[in-house]
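Input: structures, listed below.
Both of the next two complexes hold chain A, though its partner changes from chain B to chain C.
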Partner chain A sequence: MIGRVYRSWPFVALAIIAIAAFVTPLLPLSNPLSMDVAHRLARPSASHWLGQDEYGRDVLTRLLWGARVSLLVAATSTAAACILGTALGMIGGLLGPLAEFLAVRSMDIVLCFPPLLLALLVVTLLGPGASTLIPVLALVYLPGFARVAYAGVLAVRSQEYVEAMRVLGASSSRILLRTVLPNIGGPLLVQISLAASSAVVLESGLSFLGLGVVPPASSWGLMIAAARTTMAQAPWLLLWPCLALSVTILTLNAACDALRDANDPHRRLSGRRRLMDALAPGMLPHTGPVLEVQGLTVAIATPGGTIYPVREVSLRLRPGETLAIVGESGSGKSLLGLSIMGLLPLAARPISGAVWVNGNELLRAPESELQRLRGNRMAMVFQDPLSSLNPVHRVGDQIAEVLQAHKRLSNSAAKAKAIALLTRVGIPDPVRRARVFSFEMSGGMRQRAMIAMAVANSPSLLIADEPTTALDVTIQAQVLELMATLKRDGNMGMVFITHSLPVVAEIADTVAVMYAGEIVEHGDAIAVFANPLHPYTAALLRSAPSENGSLPACVPGIVPPINALPPGCIFAPRCDHRRPACEAARPPLVNATPGRMTRCVRWQELQACAPSIGAVA
Partner chain B sequence: MRPLARTAGLRALYRRRSVTPLVSAERLTRRFGGGGLFRHARVVHAVSDVSLTVGRAEAVGLVGESGSGKSTIGRLILGLLPVSEGRVLLDGVDIAGPDREGRAERRRRMQLVFQDPYASLDPRRRIGPQIEDGLAINNRVPRAQRRTTIKALLAQVGLTAAHADRFPHEFSGGQRQRVGIARALATSPDFLVADEAVSALDVSVQAQIIALFADLRTRLGIGMLFISHDLKIVRSLCDRVIVLYLGRIMEEGPAEDVLERPKHPYTQALLSASPSLDPTRRRVRILLGGDPPSPSNPPSGCVFRTRCPIAIDACAATPPPLDTVGPNHRVACIRVEV
Partner chain C sequence: MAWVLKRIGISLLLVWVVASIVFLAIHLVPGDPAELLLSQGGAAPDQAAVDQLREQLGLDRPLMAQYLRSLGEVVRGDLGESLQDGSSVTGEIVRRLPRTLELIAAAALLALITGLPLGMLAALRRGGIADRLLSIISAAGLALPVFVLGTLMVLLFAQTLHWVSAGGYVPLAQAPGKHFTLLAMPAAAIATGLFSAVFRITRASVLDVSWRDYVRTARAKGLSRHRILTRHILRNALMPVVTVVALHLGTLLGGTVLVEYVFNYPGLSGMLVDAVNARDYPEVQGVVLVISVLFVTLNLAVDLIYGALDPQVRNS
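Moving on, here comes the complex of A and B:
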């Protein structure tokens, strides 16, 4: 509630200013033109709250009448510029090359003139006055609106939802009004705030120069001009119009920002990363594993309360082993990978647990320590190699940079090593490829280059987050083969995060199945696939498309949103085997058989009554 | 299937229609680029000489890797992209026919379901009005009835009327895809192009949407062109399958034949590359070397020969024709013994 009031203050302030200006003639104020030379430059008093000006006129009255002029000029000129400019921009963006040329190039011509110069020119031609100011300012702001609308249309018209409207057979005007206009609304609102506030300034500026509002009518610019001459005797006269100008402009900007946010149906998340407390007593790494995670919980503060997208996750990975973390979207598998690397987004922070890589605890390590380890002892490969490679640097240079960041190497030695790495990941013609940019490579080639960067410093831990998801199936096979080879050669531990069960079956030694932030099953890959102990694993296996052509079985329902988890077992609402006991309390992760864990309270019963609750047919 | 042939008249209509396929694409070719004074002169053949038919209540799978032209074919058939050569017929009538009204009607009957359930819904409008667009066009459904129709459409895809007042971001990926399907169904189409419609979804949700497509096909008799890179999904949903490589058909035929007993070396490699669910069967693969060649500079003769494990010199000579190797099963490879 308080938040809502806080967010709506710009509207309230703007409304107060606008209403004050609107009702000025009705207020019990003195005539803005009536002079009282006897009391010229009088200080503020009970009858004249803000004092009197050089002709003894009431400053408050003149300020309010000035607001009328300023706001009227700003509102009408901005509205005219917005409507005309948006129309021009949309015509230019939608109606073919000739319309585009006429609409956009004509605006370019207007843009060639400095706005103030253009305004001066027109005012000189047409003579000063508020009625001239409106078309002048509209003309000055027209190109801005036209360009913003044009750019918006270009961006929106290639969106799939616009194409969807075309498939439905919608007419151009319907697409324009219903789909394109609301989606370019945000930038247009920002443009309106800029234009309106700068119109207020420009109106005052022109009036100050004597080219705007004609005396004796009131205007803030005229007031400033007049106060300037009497600055030595009555400096406060300068204060009032300047204050009014600043407050109006700030309010206009704030109101437009708030309007843009209100117009956006997405709500923004905010939060701050916080340092963690000390390590809980008794938490010590086992000797040997490359990676050990104990009881890791990650929290994200959202406007609706804190959510825990990763809860109580414990893992262990030995050298040369591949651990697959498999889960659907929202299972927390990517956040888990990022928290191991210390790369969590700003809103998320670990709140308990510990992560050891080669015996170094990372959650409490300073950022400098993490920087030393990242790209060196531990490395990461992401899903989309195009966005993870820098498009303005040559691929070879990027690999060389990773090498030089952690080792003292001469430029030529680093380059030679980079070429050797490109050869190692199977890139043909590596000398030439080292000199190309990432966008000149194919998807598979880019992912190979990413892998070359990741293994450049022979890490002992490689975290691969969906590395083959964006690739074609024949290229995926090549990359999986490559990763298996690298792992064997380097005795490197690999965490392979994926949603694809067949890929897990292909590459994993052990597998951890995650569901809505928790590990629900963990164990040897062959055993888990042959005989899943948790109903979710079984359901996942059944719903994967099979090779014999039968329709995959459905898992009813959806993954529960992380802010509305059921009280008991989180899979219970979708589970065929649920009992009241399942919904009563959150089941613990239990050691079922040696090396296998499941978070199902009924696993023994289910194993007994059906030898396999869901092995692949 | 819908009992269409109830009366003699309808039966005759049905017979005539069963002869003419619902949708047929004849020798489609689409070139990009080239021409123009300042443009890059290189022409890209995105689709070359592709013919296909889809019958009523039939699902045809269009399989290929990225750059194979499968999405382009979908858009050519829907008339979203102009064809360079060839034509597309709906019930035997050219979709680009001269009559304006007929064109609008044909457009209504052919709809598209997109891959990305996030990008294909307007983020700033509630989904009710977005579905309503399909009903409002040409005022097909009177305004008073639209609310009821939207409710029925949502029910058809497994959502409820309450969902109509929500924004797209309030839905999960699977639900959004249901909304996308409801929007496509709003014009009561006879033919759907599903362009990778399940590939962005989670496995458990994917199965739900596949089941929904199977259901729409049998219950409403909708013909479907199912574009996918996932052979297993195509196998479970489609009657026939067409395998594309670099804009050309490599192999086509009944899904079972093509995907159980592939004849073309490319189909074989594709099947071999797709990982199996069984970790004990990590098999030896036919690993294709390298990447697909650029469509702007395709190899001469058979376009697959540069990656083909069994290519011979003769493969470079002329593009291989589609030869029949079994019932409705055709392969474009000179190395296949018929």
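Moving on, here comes the complex of A and C:
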């Protein structure tokens, strides 16, 4: 609540300024033009709160009338630019290339002139005055609005629901009018506050030069110019208009920032990065496995409250083993991978549990130790190789870099090793390929380069987050093959995060099925595929394309949102086998058979009538 | 290379458009241009004077002939003669332009050497005391129009403290010390607003890039904070900074008007204000044209810098 008040102050202040300007003629003030030369430059007094100017006029009155002029010029020019610019931008987006050129591209010419200069050029021709200022300022801000509207039309035009409406026979201009305007509201508001603030600055600047508002009308720029000449006798006269002007601009800027923040989908919240509490009893370091995760829970602070997208996850991985983590999008599997590496986004942080890699506990380790392990003993391959490679550095340099970060290696030795790595991941012509940029490679090639980077220092743990999802099907198989080979050769432990069951079947030794942030089933891959113990796993298996050509069955319903999980079994609402007991309490992950775990309270009953849960035999 | 040539070609096209608009502006206004320029406060000008001005400006010839002639003159570097004293507009611009460019360069230098490192600092220590303090300072810097700041600076440093004189200009060769003292105040006034802009865009850009996938990759590789910052964040984060600085510098080319006026600095913009006040159209036309051409050139420079920073731009 306090946060909301804090963010809305610019709008409250703006409203106060606007109302003050609006009601000025109704206030019991003296005439802004009535002179009193006997009391020129008089100090503030009971009848003249802010003093009197060089003609003895009341400064407070002049200040308020000045606000009227400033805001009137700013408001009318911004409104005109907004209406005209939006119309032009939409016409440009709607009516094809010629209209686009005339309505949008031609605007760029206005941008060839610095704004103040354009204003001066027009003032020379038309003479000073508010009636010149308004069209000039409107012209200056026109291109900004046209661009926002044009971009809005383009964005909406490519959206599927617009296509769908068009197929249904609605006229395209009507669709766009109804969909574009609500969509560009946010950016337009930002543009409006930007233009208004800039208009106040330009108006006062021109008036200051004597080329804007013409005396005897009042304007803050004019008042500053006048006070400047009497600066030696009455410096306080300079203060009031300077203050009024700066506060108004500050308020407009703050309003603009607030609007921009509200429109920014990437607002980030910060949080503590590292678990500082002591390890819980019984959570002792393990030495055997490459990776051991115990009771890991990750929290994300959102404006709507804290959510827990990963809850109580425990895993274990031995050298040379591949563990697949399977789940639909949003099941928390990627966050799990990132929290092992200590690479969670700022808003997310682990709040309980422990992660051991080669016996080192990582959730409580200082950043320097994580830095030493990352890229060295543990490495990660990400989903989208294009965005995961730096666009401004050559691929070979990016591989050499990870080598040099962990070993003393000369530049030429690192370069040679990078080329050797490229060869090892099957990139043809590696000497040339080391010198290209990521965007000059094909998708499969990029992912191979990413893999080369990950295995460069022969890590004992490799986490692969959907490494084949962004690739063509034929390339997918090759990349999987490569990863399997590298794992075998290096005796690495591999965590393979994926939503694709055929991929799991091909590569995994063990599999953990995640649903809405929890592991619901865990066990040997072949056993899980042959005889799933959790109805969700069974449903997932039924939804995968099968080899005998029968149609896949989709899992009914949707994954519940993380902030509105059902009280009992989280899969219960979508489960064909639910009983009242399922919805009573959250079921624990139980050891079913040796090496197999499930989070289903009815697994024994369901096993008794195995065919009904639908194993793909 | 083809990309560079294409960018230069587009810029030349823009210069031509700008020159044409500046030429046509006077003819776009309804009424007789000569009469318009001579009319003061609604009083009808003397017919003889109007005829003389019309002849002087060549307005008695057909429009197309005027246009071609004026383009030819512009290409040769002749921007006509001042209506006030008949002096060469080109000569006056050549005399004053370096002073304005020096002022802008000094302001830009001040703004960059403070804004860039402080912007990075604020981004790396986001939410900290330094970040909050600097954000408040930059908000204040953006809210103070340059002529307000300049006037207040004169009031404080010249009028009250008597540290410096209120303004003016001395050539470098004549008195180097005095030259830089006089340059410092207007440069600082401009630099304040520019600092705020540089600081904010640097901070936002570094923050934005910090959460890109390729920076996550760099962290996954176990690189040191220093190396991630210098190699993976800065170069990518610099691109929007270059754009914003260039945009502001472009605006400054016309925007030094106010500062030069406040500090009585005899630059190009001061010439423009005098010319506008005197309705000396050839002089206004000349200055506007020169500044706009510089503006277009600056944008071209930005595009070329972009190409150097981002291989993707170069190759597209």
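FYI, the second predicted complex is superposed on the first by the 498 of 617 C-alpha atoms of A that agree within 3 Å, B and C clash if a C-alpha of one lies under 4 Å from a C-alpha of the other, contacts with A are read in each partner's own complex, and residues count from 1 in each chain.
Methods note: contacts are C-beta pairs under 8 Å (C-beta built on N, C-alpha and C of every residue); 3 or more make two chains touch, one makes a residue touch a chain.
Not measured: the values here are computed from a predicted model.
Of the two partner chains, chain C is the only one that A:382 touches; chain B does not reach it. In the superposed pair of complexes, A:586 makes contact with neither chain B nor chain C. In the superposition on chain A, contact is made by A:506 with chain B only, not with chain C.
In the superposed pair of complexes, A:364 makes contact with neither chain B nor chain C. In the superposition on chain A, A:481 contacts chain B only, with no contact to chain C. Of the two partner chains placed around the shared chain by superposition, neither chain B nor chain C is touched by A:318. In the superposition on chain A, contact of A:232 is made with chain C only, not with chain B.
Common to the chain B-facing and chain C-facing surfaces of chain A are residues 266.
Residue ranges on chain C touching chain A, taken from their complex, read 14, 17-18, 21-22, 25-26, 29, 36, 126-127, 139-140, 142-148, 151-152, 154-155, 159-160, 207-208, 211-214, 216-225, 227, 231-232, 235-236, 250-255, 257-258, 261-262, 272-273, 275-277, 279, 281, 284, 288, 291-292, 295-296, 309-312, 315. Remark: chain B residues 65-66, 78, 80, 104, 107-108, 110-112, 114, 116, 119-125, 129-130, 133-134, 137-138, 167, 169, 172-175, 180, 183-184, 186-187, 202-208, 210-211, 214, 229-233, 235-237, 255-256, 259, 269-270, 272-280, 282, 285, 287-288, 290-292 touch chain A in the complex. Taken together, the chain A residues at the contact with chain B in this complex read 159-161, 163-171, 174, 178-179, 182-183, 185, 263-266, 328-329, 428, 442-445, 472-478, 480-481, 499-506, 508, 525-526, 529-530, 539-541, 543-547, 549-556, 558-559, 616. Listing the residues of chain A that touch chain C in their complex gives 109, 112-118, 120-126, 201, 204-205, 208-211, 221, 224, 228, 231-232, 235, 238, 242, 245-247, 249-250, 253-254, 266, 268, 270, 341, 343, 345-346, 370-376, 379-380, 382, 384, 387-393, 401-402, 405-406, 437, 439-440, 450, 453-454.
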